[in-house]
């Protein structure tokens, strides 16, 4: 049995105890750990609503509803993986570059130990720091990016770091193998007709919502899997990929998004990808209703763990 | 014309008056009544969020938006059936077995008079008491159970009665003809890979969400109708069958559920089944937003009445 | 470049400044203006929940998230049209006929100048006054009416003016060319089996939700476009056309409605229609959650502007 | 024992059953009744936020927390008085004069039978119709009016009936013996320096908040009692008399108001006044939080019943 | 320096990390600990609103705003005491007697080690189990009970255990030295004129709200201190002691309560009492607004720790 | 009559129109203006909850309830002063030093023209930039600072600029004449026993909440007036000075604060002070309930205008 597992809900009801992700042990060890949940409560990078610094706490709070076996995927998640909750990286509120350093420092030992981090945002600016840490360990990685925005602006009000410039910066810094990168789900008004071209010119594949809608979610997953190939890959999920009806608690919502069921189908279709790190970002509890956004985010993190079960058995299988 | 009908909204606006279901008369007679709405405000059986004791009040509050004619189904509901609101059964908060007795006592005269009860929960533990009352009148019944959970655990924290054990208990007590029982829509993480097998081993048909999604809702209804056959049948609808975007106000939500439109299609597809009792459970107003969960639950109860119109005309037709 | 455009978000973040629609200039000129947003904060006409008087403010508040280019439609909205925010018409709360006069007076100069008004409600009773103003300028117009209700009652509690009688009155007053009118999406319980016949007897085409669901949204749009033909047409969008999960903030919600994505598809399918005026009504912020209803309404108004871009280039093309 | 009493909470928990005021019988008889609760769900008269039509339902909902004995006042309320819930008067939404007629018609049999009505608003415009009914029965009455506004405007946007003109109209119509009228608690910005003079010129005593604050609440009550004397008197309580911290759910809140404890002291100080009718108005549930406004309003109605216990024993004593 | 202290907010912002009380270490040791926070998430004992099972989590969430030094009291709380967060006792939802056993088992090692427990409820029924544990260690104790209710009913719907019978049971079981017990703040309607006599007949001093209001809070504290004397004493704080404006998030609110400032004054006045255990109960987050109830509860727990600093220095002083 | 005044509510109801402060003209002129409202929607400086960037919009939204005459103070505010709404300063989200520059640039022309700015925050970090602009115009100024925190930290997580260091920085930069500075109302836990000494060592007078409570609000105002003397003075009001019951919508609330009535008394007591600029900060709408915080903030700004009426008539009197 895995070393680290959730508390047994048949002994202690799920509403009991300190809120770690899925009631996993809060430990900072890198021994006997397959994957770890880590919060990055930073929201200084936002251009509209702030408050995603409370995202990790909200996701943990909702995550106590998770149970060990992923019935939809047919995977015994916590019977397969040893998972911990590493707490939060102590970012510096109001200072993005200081925080980038702390994020990189915080992720390094986890990545060095071969542990898969599942980062809970925080706004999407944190992904740049995550990718710096990941690239330091794995070199330029592939990217599956699910979002309503491409986040590939160049500058915003004279500044190059914020949640709208993340992937342009990452590409420029050589953190991504753009030939293995895909952005899926872009929708909503943009500032310019050429907005998506910026990403494409960086080498990303970009599939806007309208194009995505012409496929089933399984097909979309297949396209993404082909694009990212077999190399080490990062999965970045911005909760605003989902429609505001399903995820009201976010900072820059866009109407016309997918349902929670479509999300599950898409994520489950990514089985077999060699993911080395994940994040789920832009959960903003102050605009949530009935905890539905946080619960969806917790389930997305859980599907990420599920993907990791496949990756792990896959890697074993290949041996 | 039916003896008991709602107040005419062209004389008295719908926001006027004491909140009975659909502004039906609050009477406790069993004379000249075809169906009755009855609240069971019990939530001691929950394992996560409590508060469904306010479910009946919230559903009544939202139900004043209902009007007499079901345009989608083409049925003059309140022109066909004489319906009353019987108020609530005075359960014993904090004591499940005492409450079970009171529920059984409360339902007996209704069932004995051949009136169809539509029970407003309350958490799903109440269904066991309802089934005891129903089986006393009709013998073991068939079951159409729409839910995200199978509610077939054996024990929970050492106790056999709560909202997660209802259908295992009901089967064990011989209240159900399991060969005519079907559970539809199960999804979300489970405690164990074998969770659904428990229900199947009891004799239930169980169609998880993933399997259900491969059919249209009309087909799902057809499958359910075949399963329950022509004998007396109970329809139990847990509001968490629906996605949290449509029904945030519930105790143990699971992402990836159906829409309100799919619910209507599924329920309308159950025409002709010989339903003898209904419940709609797990509405928890404190987590609702904009009354949408309560409104959906009120409409589900209204569709149950609609089904009863068909059953009634069907029975007449057979004569 | 158009004379009136939004503030540039790269100079001034979108959360800055006085809330006009999309941060457009608040001016009341009729010179060099193609279209204008105008609020009509009237809700005395409602039969259930009141509060839509705060609809225009809520839509403006959410609309600052809009950006100039409609990526889904491929149209540079604010690069094509000169658009202003005309503020609100100062209606008389509590007095529907006084308010009707003020609405007509308020819209006249806009319509006379050939400017396309996009009216933000307010409850659906305002559409009668809008149609009076429009018919005065254009004669009887066609109508594309998206709603869960037909709003074609004759009288309500003894009175002929309210949000449930709008389209019967409009037809009777000769404001509509009913042979070019279509109502789409009706659903929910009605007072009578013959409710929809009233509208049909007035000459409207009426496509209930159940019938609409048998088509794709593109087909529905095609049907509507054929019906309204090439003459001047009014587009009236009641936010309760959408499901309460997507639009909880409204006065008389009905379950079983469409998604935000279906709305976008339907509206985009109406390209080429000769719309001369628009409204989006029944947004009730006090029941909204996380601003999702207001955001959807803002996007609907934005799609209306987008349709106008097509109409404008179409008209040019025809010259 | 009184003929009509609440359901016993030791037999049926307070959250059970159809929501009548304090779970009193919903009957419309005038036999063996001392006082009755009656809702007037009218809000067309408001000048700012609408939605008080849901006030009666919200107050009833919160009132189930009331118990029979008023410990603070030392009075066995429901052991002394026979009280019923008469439901709501079916007003005509959107039409103030029609509604005034219906209110008058609805109150007449109650007043004629010598029953004390406690009216649940609804906005403050309803008080004019109530006073018409009361004056018809008792002649011009005294008035104790607790409010943050004097409600003595002459016209508003060209119209003479709305919630800001109530007491000017009542005085003009001769419904009040202004020499026995007092308005207490006025505060907040006004339109004009002379605003309070209007009321004073009508003959009212008017004690603004600043003046009131120089007295204890017991002294304020004493002043009011002296003013209204021993003749038949109406007590009108606008919930915005209380600070928004204690009563957020209202239409035109003003900061700087009193606490709930000060309210209780003031009301209890009015013992012995010959009240013949009461209202508690302007409760707007959509802006309430945690039901605190509705609960306070329910307690105010309960204190009104308590005052009636004193009046009743006083009258008996005088015989 | 104390062994266990909160995380330094100048290194890690207060919104970072897993939510323990005041970001104290979550450890279960009894070594080098002066006081410990322990959650008891049980709400099966309620007679009205349920949901206080989420009280401990909500209080922890708000408690991260606490800082080490109590400036108002002039005490360096976390520089004086070694404090831990012991997590929650895994109660059995739905089963009060099972839960009582678990509570007693959970508190025993803490009490045996001479550690002061500060229990976070949960509903007020838990105090009976706490008192059983405390009396087992210290014998019958004194009681300072701040509440709007006396919680001294005999039976409720036929059952002897729930949140309304706690102190009657405790007295009957001999857990209290009633000559050293005082209940303060009772208000709101009661079921009977004799309700408070029940408590007095048990030997409690009982000071209702009306009597309390005749004193300053310092005087009230002085009266309570005299009553409880120098023996071991339990302090039980029901959050509904405070007015709903300050503490909306609770199960059975009563209007007319004290302010947060009055609470602080009262608690600070209790310096020197020999408290051996504390609880703060009935926090119900689903009815809270803006976290104000939870924040107040966190501060109350913090004042309890502050009292313990005095008790400790007092005890030292006595040596 | 003043050049710029609010829209007349008797012509256009207060819920009509684009939300400027009190429905004043949105113009950026410096001609014929006595005072101006200006938003500074910056919240990057916060150490706990973010979101005060929406403060100015929320205050404007609530401010439409204001009317021209301040009845409590006996001042015809908008009949005395010509007031405009200058919109918001376009700060740079995420970058405090860039934003400081923009704030200074934005305020300069206003101050140079002798107009009194009333700044709507935003978090308390903005006050440093405001003071830089003010000192540039007037030299070092006096300060009346109402707050629950002293905001005089030296560094926070290694950085010198944020909402907790404002007044230390201001003193160090020589923007304040500390001999004329007073901080009032400090309460809540601090990081250190010496926290308040930091401010005192800078030369500030500091009156904590406990000390303040020993005086009436009129006396507190008198003390403050004496301290600031007759020189040019800045009034900075942090909404968390008020208790969370009255102002839940803020970022770092502290229990035990004053009421709205006490706020009015205190502000009105500051008559005659030579205020040259004002701000009201830390309004965070996402945590507000029923708009009560925003309404209170709007009234505070209105009292600031009222103070300016006195200052103006005073200055005139001196001529």
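When the chains are written out, they are named A, B, C, D, E and F in that same order, and each has its own residue count from 1.
The definition used in the following text is that a residue touches a chain if its C-beta (ideal position, glycine included) is under 8 Å from a C-beta of that chain, and two chains touch if they have at least 3 such contacts.
Because the structure is a prediction, the values reported are computed rather than measured.
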Set of chains adjacent to subunit A and to subunit B: C, E
Contact-graph distance - origin subunit B, target subunit F: 2
Of D-F and A-F, pair with higher C-beta contact tally: D-F
Equivalent interface positions on subunit E and subunit F, same or different at half: different
Mean-CA-position distance for subunit E and subunit B (Å): 40
Centre distance in Å when subunit D and subunit E are each reduced to the mean of their C-alpha atoms: 38
Where subunit A touches two or more other chains, by residue: 11, 13, 15, 47, 49, 53-54, 90, 92-93, 157, 243, 245, 259, 287, 289
Pairwise touch network: line, ring, star, complete, or other: other
Every chain pair meeting the contact rule: A-B, A-C, A-E, A-F, B-C, B-D, B-E, C-D, C-F, D-E, D-F, E-F
Subunit A to subunit B touching residues, read off their complex: 9-11, 13-15, 65-72, 74, 76-77, 243, 245-246, 259-261, 263-264, 289-292, 295-296, 299, 302
Contact set on subunit F toward subunit A in their complex: 43-47, 49-51, 53-54, 90, 92-96, 98, 157-159, 161-162, 286-287
Contact set on subunit C toward subunit B in their complex: 47-49, 155-157, 186-193, 195-196, 208-210, 213, 243-245, 248-249, 252-253, 255-257, 259, 287-289
Subunit F - residues contacting subunit C, complex: 11-13, 15-20, 26, 39, 41, 53-54, 57, 60-61, 85, 87-93
